[in-house]
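Below: the structure, in structure tokens.
Letters A, B, C, D, E and F name the chains as they come in the text, with residue numbers starting at 1 for each one.
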Amino acid sequence: MKTSALEPTYIFSEAEAKAKSPLAAEFLDERSRLNGIVNEADNKLLKRIYNVDTNAYLEGALPAKTKELMGLVASATLRCDDCINYHVIQAWRLGCSRAEQEEPINVATVVGGTIVIPHLRRAYALLQELYS
Amino acid sequence: MKTSALEPTYIFSEAEAKAKSPLAAEFLDERSRLNGIVNEADNKLLKRIYNVDTNAYLEGALPAKTKELMGLVASATLRCDDCINYHVIQAWRLGCSRAEQEEPINVATVVGGTIVIPHLRRAYALLQELYS
Amino acid sequence: MKTSALEPTYIFSEAEAKAKSPLAAEFLDERSRLNGIVNEADNKLLKRIYNVDTNAYLEGALPAKTKELMGLVASATLRCDDCINYHVIQAWRLGCSRAEQEEPINVATVVGGTIVIPHLRRAYALLQELYS
Amino acid sequence: MKTSALEPTYIFSEAEAKAKSPLAAEFLDERSRLNGIVNEADNKLLKRIYNVDTNAYLEGALPAKTKELMGLVASATLRCDDCINYHVIQAWRLGCSRAEQEEPINVATVVGGTIVIPHLRRAYALLQELYS
Amino acid sequence: MKTSALEPTYIFSEAEAKAKSPLAAEFLDERSRLNGIVNEADNKLLKRIYNVDTNAYLEGALPAKTKELMGLVASATLRCDDCINYHVIQAWRLGCSRAEQEEPINVATVVGGTIVIPHLRRAYALLQELYS
Amino acid sequence: MKTSALEPTYIFSEAEAKAKSPLAAEFLDERSRLNGIVNEADNKLLKRIYNVDTNAYLEGALPAKTKELMGLVASATLRCDDCINYHVIQAWRLGCSRAEQEEPINVATVVGGTIVIPHLRRAYALLQELYS
């Protein structure tokens, strides 16, 4: 299950996300630091899970952009700030408009309820920085 | 917030879904029966919630098809068979291919874990009937 | 932590709930059958948990009626049909009006989202039988 | 669905909550800042959801005080610190006693399990400040 | 990531579980029927997820028996009847005692709350049949 | 339901955990401070819940070590950082190896999905400090 042919084309790099948004920079740096600790541990099953995770968002029957936005739906529905941040940044890097990003957050808030609101508030702060 | 202009165009009717799939028929009939009981109660706030729910899946910054598939992501992530059934049928009525339906289920299973598997098994039984 | 002094006064018995509503009867009979199996197992910690559970709904700083309706909020928010059935029946037995029962379901659906709707549909079917 | 006639009467203002409790002040200020960002975005569906949310806690078949405490049950059951803070402050502003506030937290912890404990610890820190 | 060397040794077969318990038979047959439908669809990512799932319960730093009981903890905590059934049957096939099976259910009920009770009731019915 | 005879034997004290790991120290100190506030409130039902919680992890049909690791499964599955920290520290104090600690995290991530990953990242940072 190689992934290369289906790798999406990013319009912006992680570095550009960090340059544009202090919230993105803080999140990506901490994520990178902690992933370093996880990688060092070299847990076989975990590596397999990380690999499946990467494969879930490649170009497929739906475009990678749509799949990242679906990752955002799942993350907002399950109310995980780190996961929301990650998919918002990925969708921005793939060229999604701000309006396109607000749609999955709407769906997640309708399906998942007002308990999602504290998380969407923080997501909107990130969106504001990335799309300013 | 009127909805008429943004109503999606369905390729198939609910009746066609029921004719094609016994599982869809059983689900839609029971849903309709119970919604009748809810409607009779005429709870104002609940009507408002139903209305917002309808608005969440209209044509917008993203096509209604994509938003139905996002509803499927949220439903599978939160493991609600009735909600999964509903969005699978809606996406089928809007002309989504079977491959397009499998993508949101994949995303939900990766993000939500193997606890989603019993629900995707039942979703696949419905997909098999609708796309046979 | 004895419970006797704080036992709420039921206006209706379980038998009356069963006589009034086939849905209540089916639920209570199955619950009773399965609790019999659990009791036979005589698991000490589980008995302790059952005991704490009973204590949570006694008369206290808030009336037992209100606490049963709060149990209904928690049950609907976490989307557990059996738990919803149980608290609806208990609240009915304590004399809550139908309108009072609809309020916690509304709160749960707003906070918990439309994913609660399939469960409230079934709750409304039970309410219809109990309050007809 | 106008809300004015059913607006609850607050005994204390938000400013009084902030003067009484540093934890309340920090939470309310951050919430207000982020809601400002959300409001600027002017997302139609989201405004509708905020509006339904407001309506859920008005005077109705149950008093607004009770409904705020039910919001607290739902928030604690779903383990959302921001939501817990909000409903604790609202219930305090409406004149609920500290003992009345502890009851919904008890129900949520019994129904939702010990996973709620880290959140109730933080809720108790807020209660301590508001009711000192 | 081959699995053969770490395959646990089952004391009982699935057929023996089905012969012993009507509840196990009904569950395993339906699971097998639905897995057949999923397999036919031949979704690459899903196969990968199934494969990771299998690897999670092999002999490792902890014995397979313990890991199956941990699967039971996760399943009961997330309140999935099908998953509970599966891990109870697997743990039985690996030779866990009934008392060993009750421990993870206790942990899940303490951590996950009384919302787990309807599921443990059904789990106890299965345990009763398997260990009679 | 006295607990003394079944108290597990700790190899390391809480103080040793704090001396070894700054993350453990920060967590345990804050937990202790907040538990002080909860204890002062002297809520009867809550004390009962704390007591049941303690009983859930004593020596029983399974060793206390295994039950702490099961608490870790439940905590990671429900994605509670504080609970994860607590059980990781307890399991370390009871002499579990690092490899034994990674197993329940694996099970929780497979069952609970990639939404668990941000939490396991933080768990690995704690593991790194405790087992360095």
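Just so it is clear, contacts are C-beta pairs under 8 Å (C-beta built on N, C-alpha and C of every residue); 3 or more make two chains touch, one makes a residue touch a chain.
Predicted model, so just to flag it, every value in this text is computed and none were measured.
Peer 1: Where each step is a move between two chains that touch, what is the least number of such steps from chain E to chain F?
Peer 2: Minimum number of steps from chain E to chain F: 1.
Peer 1: Which chain pair shares more contacting C-beta pairs: D-E, or A-D?
Peer 2: Pair with the higher count of C-beta contacts: A-D.
Peer 1: If I average the CA coordinates per chain, which chain comes out farthest from chain B?
Peer 2: Farthest chain from chain B, going by C-alpha centroids: F.
Peer 1: On a CA-centroid basis, which chain has its centre farthest from chain E's?
Peer 2: D
Peer 1: So, what's the distance in Å between the C-alpha centres of chain F and chain C?
Peer 2: Using C-alpha averages as centres, the distance is 32 Å.
Peer 1: Which whole number of Å gives the spacing of the CA centres of chain A and chain C?
Peer 2: About 40 Å separates the centre of chain A from that of chain C.
Peer 1: Express in whole angstrom the distance between the two chain centres, defined as the mean CA positions of chain C and chain E.
Peer 2: Here the centre of chain E sits 29 Å away from the centre of chain C.
Peer 1: Could you tell me which residues belong to chain A and also touch two or more other chains?
Peer 2: 45, 49, 52-53, 56, 74-75, 78, 83, 102, 106, 109-112, 114-115
Peer 1: Could you pull out which chain D residues touch chain F in their complex?
Peer 2: 79, 102, 105-106, 109-110, 114-115, 117-118, 120-122, 124-125, 127-128
Peer 1: Can you name the residues of chain D that touch chain B in the complex?
Peer 2: 1, 44-45, 48-49, 52, 55-56
Peer 1: Within their complex, state which residues of chain F touch chain B.
Peer 2: Checking each residue of chain F against chain B gives 109-116.
Peer 1: List the residues on chain A that touch chain B in their complex, please.
Peer 2: Contacts found on chain A: 52-53, 56-57, 60-62, 66-67, 69-71, 73-75, 77-78, 83, 97, 99-100, 102-104, 106-108, 110-112.
Peer 1: Hey, which residues of chain E end up touching chain B in the complex?
Peer 2: Checking each residue of chain E against chain B gives 31, 34-35, 37-38, 40-41, 43, 45-46, 49-50, 53, 74-75, 78, 80, 82-83.
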